[in-house]
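Look at the two complexes coming up: chain A is in both, with chain B in one and chain C in the other.
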Partner chain A sequence: MLTDDRKEALQEIANIGMGQAGASIAQVLGEFVQLSIPRILIVPPAEVPTTLARTVEESTVSAVRQAFYSDMRGEALVIFGQHRCNDLADLIGYEADLDHAAEVELLLDLSNILVGACLGGIAEQLNLAIGFSAPSLMADAIPLSRLLQDNPVPWTAALLVEVDFSLEKRSFACNLVILMPEAEIERLMRAVDLFLESL
Partner chain B sequence: MPLSVLVVDDSPIARKMLIRSLPANWDIEITQAGGGAEALAAYRSGKVDVMFLDLTMPEVDGYQVLETLQHEDMNCLVIVVSADIQAEAVERVKAMGAIAFIKKPVDAARVEAVLREYGVIV
Partner chain C sequence: MSELSPPPRLLDFVVDRLEVGIFAVDAEMKVVLWNHFMAMHSGHEPGRVIGRNLFECFPELPRVWLEKKIRNVFLLKNYAFTSWEQRPYLFHFQHNRPVTGGVDAIQQSCTFLPVKGAGDSVEHVCVSLYDFTDTAIFHGQLSHAIADLQREKAEQRRLIEKLEEAQNQLLQSEKLASIGQLAAGVAHEINNPVGFVNSNFGALERYVLDLFRVIDALDGPDGLAGAQAIRQQIDYAFLKEDIVALFKESKDGLDRVKRIVQDLRDFSRVDSVQAWQKANLQTCLDTTLNVATNEIKHRADVVKAYGQIPEVDCLPSQLNQVFLNLMVNAAQAMNQRGTLTLATGCEGDGVWVSISDTGSGIAPENLNRIFDPFFTTKPVGKGTGLGLSVSYNIIAKHNGRIEP
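Our next item is the complex of A and B:
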């Protein structure tokens, strides 16, 4: 399903979306953000946990979920390693004892920026309509292995977009997982093919 | 004589997107480079008038290319083309000698405006 051409195209399209996210995050944090080139894979849901375990470097995570709909339909998960959340809170000037509500607020804001920029960027460049639901906290400092056990996802395939942001002074990385039904991924691939033909 | 234009990006799709947005009647010869090292090699062979340079690339990235060019007289016009649109990225590349910063996805009108501004096309 994910031929080299399609992967290459999605990677570049996602990259353009992430650039927008990076600029927004840099503005929020007041610091220059280093962006990596997003990596894209499609995996069956059964393989999502092992794939995540390989790419998320921490065993305790928090996660935010956000549904999207219209010409692209599915759910995006943003997974944050726990002590990176603390770094982040530190970075934006919160005290060491960060008020929990403020931490959740920060994760929701960042997720909203990431998901909106990445998926919004993909949809825009592929001429697809997309809308977003409000993000919600899905997991709060739980073991990574429990993330998908506790929150079964109804989708039949997952498009994994792995992005890293690092800041000059500290590292901060998060993983964006886009879950879509298989038929929706096929529809997305047809849009990618049209885009490729237009080049 | 046609101008030599070098398009530098690790993504072949991004190179295609950029080439598609160049002015149609511009008399040029296009060469492509998939990375910073390849771009520098093409520059050193003396055949680059205008370079479109991506920033985020594995191994030798766009910043490193700019830095090297600064040490080697920068005998070509460098236009940075990037998805990384942070204000600081724009300032950095301009301080390093790039004449312009064009954000991705590339807008053909913006490319033409930059080329006109520098008298590359009339």
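Our next item is the complex of A and C:
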């Protein structure tokens, strides 16, 4: 399914999409954003937790999930470490003291920005329509090992697109993971093929 | 306008009258759309709001945060959301269940939608505001119910722990009771050999003194003849025979004491903590039978019908306790001398042990109560009524069944 050609193209598309996303997020936050090169792989759902464990450095995590739909369909997870994104509160218009609800809202807000920018970037490259549901809290400070145990992925294959975010001047980092079921991966691959033909 | 588009007036009507709050602002935060829902709930007619800055019309809004949020939608050209769960409301609207609701405002979830104009730039941000009050109230009730359930669960867990503790104590006291019951019998079993060994020693002492007399006479005035006379006198032939017999008998007696002490030890496993181990149930039966022999030997002959059985994972001291209960019950059930049959065998991948007597049997009306704690047909002071109940639990712990 993920031939070298397709993978290379998807990698390139993701790179460009993320680059645009980085630029817009930097505008929103007013700070320089560091993005890793997206890692793209297709794994059986059973291997998703171990794959995540390899890249997520924190052992206690909070996570937000956001569904996307239309020409691309799946779920995006944004995984935060122990300090979540509290250090960014003032950049998104919050007062200094955050209560629990504000902390979670900030988490949802920032996740929405990251997911929208990154997936929007990819969809735009591929000329695909995409919509987003409201994000929801999936895990509130739980051990990483329990993250997908409590929320199993019910598909036969999952496309993982992993990106690490961090800000230069703030203590903040998170991982963005895009999960898509098998049929949707095939649909995305056809779009990638069309994109390649149009070059 | 294509023929497939809905009539503009219909569209306007729907946007205005939908039971959802809809408003839009431009990049200067000026209100450009304010539908009926917003007007009804805010008390601000469109005429008083449209064309004016949103935050001037509603100074109570959290301006810094909300303005940043709307600006981000312009900038990122992407949706944004708020949820009633984290932020119960954007606008303080009186809700429609003021009496029974228990919340002070309409609970709102909002979607911020970028509206693009010609080209790719966002010209307006349209906010739709959904009433989640009923969901929130229901959610609150549900949370309460869940909290109650969790409290109850914790309470139950505590009770179960207490119950387990009580059960363990019961197990322990039943064990002590059966050991106490045994003590008298065991004392007798030990006392008997100790008694005859003791009296044998009395005889042996006399014999040794006699032998000394014979040996000492050799050095006496009569020499060999004197010694021979004394040897005649003490009936040396009998003495020689009897000494050997006395030693053998005493040795047997001491062996019996040793075995009883060993069995008692095996039975109660005083020297090891309770641990699951491989054990042969026949050895357990034999050990228990030896310990209980005084309870049984006057009432019954024992017949063993052991089959070939493999070792099983078990807590031997606890199984011994079960076997003791059953054997003593069996012996006590026989008013006339009878037969106690111990049998073992395999069935499927399990092993079975049967302990049967030729006594009176269990009355049919008692059959379904025999495993109840404190149920006993023995006279007051004779039985605790815990033996079979404890046995039942021990066997259950071994994934087994115990049946009358």
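Quick note on the criterion: the second predicted complex is superposed on the first by the 174 of 199 C-alpha atoms of A that agree within 3 Å, B and C clash if a C-alpha of one lies under 4 Å from a C-alpha of the other, contacts with A are read in each partner's own complex, and residues count from 1 in each chain.
We adopt the following convention: a contact is a pair of C-beta atoms (placed from the backbone, for glycine too) under 8 Å apart; a residue touches a chain by one contact, two chains touch by 3 or more.
Given the structure is predicted, the values throughout are model-derived calculations rather than measurements.
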Touching partner for A:G22 - first (chain B), second (chain C), both, neither: first
Partner chain(s) touched by A:Q11 [first = chain B, second = chain C, both, neither]: first
First (chain B), second (chain C), both or neither touched by A:A134: second
First, second, both or neither for A:L199, with chain B first and chain C second: first
Residue ranges of chain B touching chain A (in the complex, touch as defined): 10-14, 16-17, 20, 56-58, 82-89, 103-105
Residue numbers on chain C that touch chain A, as the complex places them: 64-69, 72, 75-83, 85-87, 109, 111
List of chain A residues in touch with chain C within their complex: 24-25, 27-28, 92-94, 101-102, 104-105, 108-109, 112-113, 116-117, 120, 131-132, 134-136
Partner chain B, residues of chain A touching it in the complex: 8-9, 11-12, 15-20, 22-23, 26, 32-33, 35-37, 125, 196, 199
